[in-house]
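Provided herewith is a single structure, encoded as structure tokens, for subsequent inquiry.
Chain naming follows the written order as A, B, C and D, and within any one chain the residues start at number 1.
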Amino acid sequence: MKFFDRLLAIDRRIIFLFVIIAVTLPLFSKATLHIEVSPMVKAVYDAVDNLPPGSKVLVSFDYDPASAPELQPMALSFFRHCFSKDLKVVIIGLWPQGPVQANIALEDVFRDPEIKAKNLKYGVDYVNLGYMAGNEVVIQSMGSNIHTTFPADYTGNRTSELPLMKGIKNFDNIDFIYNLSAGYPGTMEWVQFAVDRFQAKLGAGNTAVQAPGMYPYIPEQLVGVLGGMKGGAEYEIIAKRPARAVSYMLSQGVSHAVIIFFIIIGNLAFFVTRGKKKTS
Amino acid sequence: MRKTLPFALVTGVGFFMLVQYFIPREEFEIVYEWSLDWIIVIGCFAMLLGLWSLTMASVHKVQRKTPGWGYSIITLAGLFFMLFVGLYPGQASLVRGSIFMLLFEYIYIPIQATMFSLLAFYIASAAYRAFRARTVLATILLLSAVIIMLRLIPLGPLSAINQWLANFILTVPNMAAKRAFWIGVGLGATATALKIMLGIERTYMGRD
Amino acid sequence: MKKIKSILFSFFLLLFLFNLSFPQESSDPRPPTEIKAFDTPNDNGHAITVIWKLSADDGKVKNNVVAYEILRSDSPEGEFEIRGMVPVGENLFEDKGAKEKKDKNYFPSHKNFYYKVRAKADKTFSESEVSKPAFAYGQWYHTGKTTVLAGVIVFSVFALAFINLAKKGKELYIRPLAGIEAVDEAIGRATEMGKPILYILGLGSAEMIATIASFTILSRVAKKTAEYQTPILVPCYDAVVMAVAQETVRAAYLEAGRPDFYKEENIFFVTSMQFAYVAGVNGIMLREKPATNFYLGKFYAESLILAETGSVAGSIQISGTDEIAQIPFFIAATDYTLIGEELYAASAYLGKEPVLLGTLKAQDWGKAVVIISLILGALAASFGFQFFLNLFRVQL
Amino acid sequence: MSTSIGVWIAAFLTLGIMSFLYKDNPIYKFCEAVFVGVSAGYWFVVEFFNVFLPKVYDNVGIAVNVLLVQGRVDWFHWSYLLGGILGVLMLLRLVPKIGWISRWPLAVVVGTTAGLWLINYLVSNAMRQIQSTIIPLYVAGDLNATIGSIILVVGTFCGLIYFFFSKEHKGAFGGAAKIGIWFIMITFGASFGYTVMSRMSLLIARMDFLVGTWLGLIR
């Protein structure tokens, strides 16, 4: 069985080719993968859905463009959900690029005719307070006063003059915190400082690498967590607004299947050749 | 001056940082905040050191005409263009829409994102090459990885079982092993920090 | 019958009227009582804690309290200003301010303050009596951190005791570690093949624990390569790390008695950009085809690319990091992997110096303490004792 | 197809980097060289505006101002100059004869971080983890949770045994260590599996950029 020997020493580029096809072809397909909604994502969705109109939601953007493929869809569907439920949104970032990502997401959401019709006003329905250096210290100091932590918003307006911020002093006036995180500082710090010290209510969206690390905090300290692109897709499914993450899931499924297929082939070849060596 | 002072500094500063943790008084707090700022500032200057080393390495390549010296010119050009555009006085470089940020958006981000996406290919080839059920340990590694990966593939009725299994792995054995790992690393790092402060571990300072 | 009806009617009417007037007449909630103000313990001296007994109408009886407001003044008769608000059901408030005099929210130390607490209803409120004066001051010891102090002391005592023991010449046993035993073999292989050794210190800066551990291992490896006269290449990610690595290797060659063999240009700076660095190192691997690659230190996403390229180039690879997310890739793509703590221990293994072995023993004793507390703690928790858990609860 | 120059440049760079998968080639090397230069420049400028200006320049500026206007020495703000001087000393590494002076700032950095890390690692890595592992083994009326917490405690225990250096892995001790490494391998496998999704997400986004944003072939 020379075939299997050759299979074992297969050129990596053949595997690369399979991967690129597995990722790209499904992008052309309109078909979607059946996505099971996990309780952790449902919990986050319900927490937002149960907020009465006018509730204040704080969103912290703690990631940069490198993790945008995983976290940007979560930001989009979360904004859409908030605005369609008439919630007020306060945006901050503990990563320098975070508030920029937030603005990109806002631009996208406002293209939706349903949201556009609401004619949302900056300063009244949503604000972007920008980035602040200091990591967990920023959270800590927001616990006593958001106005002193963020004296001005992203474009330099005084925070105290924004109508929405007039009613918000600290976490006591925030009904829900949503954290999109790709590492440090991120969900861990929000749990330790905003939740453990100021009893805030927190939900999170994490990169797939990071998400399992948050499991021990659920449900007491963290309502739930969206893990990677799949978490984003699940949120879109419950919100009945399938968007980018859902459309990408087919590519995810096929590429995962390709990898598993290669693992099986590799093991098959390995056992066949080893069996032969033993007999000969 | 050459040897004794640095080690005295390490021990002194180290013990201050250790002791201040237990003393909440504001005098200690202020010194603590200073030293954190200093570290950041020193790091900022160390970056200058890196910039210098990069420039010199590239210049040397060009001077000696080592193979591929042309690329060093491109590197230098990119570097100085970025510095010029970013530090040109009288403009806000870090605001979206500035030339500096446009370069960031259309040059830096695509290359960085693509470099990262290459990992998708490498992870596939590593899985193929390394995930062979040679030993018990390799088999456990392989099975656990496959169970987690299968979550993304619809398996009909088997999906529910796999979902439960994946969740179990992540919440129980995963947590247990991570804790053991962290406790081990915690003690090891504590021991190393202690060795540094006591002046036992001193290779990092170089020798004369 | 009619009479009864009219009596009933007037009764209900009365009740109705009474009811209408009732909330207006006594809508004031009863005030909070037993108010106490005292310096907040374990802080820098810019905060006072206020506690009180909840209003009798908090959650029961009239149940009309919505919040408590805390007021402060510098004299009992003076003007009180509002310092904060807490929701119903809470009986503690920390009046905390900044330590900088310039700050708007500055809170002076060593100055007497008087407090009172207001129970707020919808439109009205009632106030407690004024508290006895209290002033804020900084403490010299944080009582919430005693467990940590105990931990530091116990660990240091272990370390010093074992270092002492080892110095006196007591044989300290450590079990063999596959990754370490492979080091000699790997250097030997490079010598036989007449190819260089590639040593990567990772992406950490010079003060990181993993990098410092890696420097020590580099020093041992360099000494052996000097003895075997095998070239060692160290491409660096950080300028400071490079400078330290140069001195480390030079010293190792000196120690091995081969200073003539040391080549400074073999320990060089590549760049401080993650993927650009990877690209540079990949080039070295493909061109030089080193017999052995060491990856020891702090690694991130680049770990897999390096290890994959190395395995394609056919090198023996020894890896180790304390970055848990990257270990799976090292395990998958390299021959030997030092997992977390094993990386820190490696220097003791290679050097067999008494001080290093001593601290390794201290680590093990530390682990023994952890294991015992874990078992006792889990048993205690199962039977409902919280004592052990509280022992490890650390205040920040 | 896109009409934006930026998108075309980005697409060219994306393809250039991807060409490395086939083999090392001049276009890849070109993109890489651009990247090395641009990223070094980018980070330097960011560091200059976010660290140097606010931490050194502004603070020392205040100190000088106080001295000139009020004739008073503002120790607090002057102290930042000392940080700056330490930073400059670091650069002396480049001068061979007095390069040893750069050990002073290195000593400050190493000493400070060692002191910090001693506490940080002991508290958040060791003590916090112990705290979260001390859980009741028996959860009344919930068999699943009971089994889960028993496995959790046993797994942590065996994992720690694996990391013991003083005793050879033999007999019962070796058995526990073996179970420990099994748990560790399960974790690494899971982490590997999870990372696949993260990395694929990045690739999908890149391919979507190429065929969608750039070529306009989708939707």
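Heads up, the rule we're going with is that a residue touches a chain if its C-beta (ideal position, glycine included) is under 8 Å from a C-beta of that chain, and two chains touch if they have at least 3 such contacts.
Please read these numbers as outputs of a predicted model, since none were measured by experiment.
Visitor: If you tally contacting C-beta pairs for every chain pair, which pair wins?
Guide: Looking at every pair of chains, the most contacts join B-D.
Visitor: If you average the Cα atoms per chain, which one ends up farthest from chain C?
Guide: Measuring from the centre of chain C, the most distant chain centre belongs to A.
Visitor: What chain lies closest to the overall centre, CA atoms only?
Guide: The chain sitting closest to the overall C-alpha centre is D.
Visitor: Could you please state the distance in Å, as a whole number, between where the Cα atoms of chain C are centred and where those of chain D are centred?
Guide: Once rounded, the distance between the two centres reads 14 Å.
Visitor: Just the number, please: Cα centre separation of chain A and chain C in whole Å.
Guide: For chain A versus chain C, the centre distance works out to 24 Å.
Visitor: If you average the CA atoms of chain B and of chain D, how many Å lie between those two points?
Guide: From the centre of chain B to the centre of chain D is 3 Å.
Visitor: Do you know which chain C residues sit against two or more other chains?
Guide: Correct list: 148, 152, 155, 206-207, 209, 212, 239-240, 243-244, 271-272, 275, 324-325, 328-329, 331-332, 339-341, 345, 360, 363, 366-367, 370.
Visitor: Could you tell me which residues belong to chain B and also touch two or more other chains?
Guide: 18, 21, 30, 43, 46-47, 49-50, 52, 54, 109, 111-113, 115-116, 118-121, 123, 125, 127, 129, 131, 141-142, 146, 149, 152, 170-171, 174-175, 178, 181-185, 187, 189-190, 193-194, 196, 204-206
Visitor: For chain A, jot down the residues that touch at least 2 other chains.
Guide: Correct list: 12, 16, 19-20, 23, 66, 69, 209, 212, 216, 230, 252, 255-256, 259.
Visitor: What topology does the chain touch graph have (line, ring, star, complete, other)?
Guide: Shape = complete; every chain linked to every other.
Visitor: Write out the stretch or stretches of chain A touching chain D in their complex.
Guide: 13, 16, 19-20, 23-24, 27-28, 66, 68-70, 96, 133, 207-209, 211-212, 216, 227-230, 248, 251-252, 255-256, 259
Visitor: Would you tell me which residues of chain A are touching chain B in their complex?
Guide: That would be residues 10, 12, 15-16, 18-20, 23, 33-34, 36, 38, 65-66, 69, 100, 103, 212-213, 215-216, 230, 249, 252-253, 255-260, 262-263, 265-267, 270-271 of chain A.
Visitor: Mind listing the chain D positions that touch chain A in their complex?
Guide: 21-22, 46, 50, 132, 190-191, 194-198, 200-205, 207-208, 211-212, 217-218
Visitor: Give the list of chain B residues in touch with chain D in this complex.
Guide: For this pair, the touching residues of chain B are 2, 5-7, 9-18, 21, 30, 34-52, 54, 68, 71-72, 74-83, 86-87, 93-94, 100, 102-121, 123, 127, 136-137, 140-149, 152, 166, 168-187, 189-190, 193-194, 196-197, 204-206, 208.
Visitor: Which residues of chain D touch chain C once you look at their complex with the stated criterion?
Guide: The contact residues of chain D facing chain C are 24, 32, 35-36, 39-40, 43, 90, 93, 99, 102, 106, 109-110, 113-114, 117-119, 121-123, 126-128, 130-131, 133-138, 153, 156-157, 160-161, 163-169, 184, 188-189, 191-192, 195.
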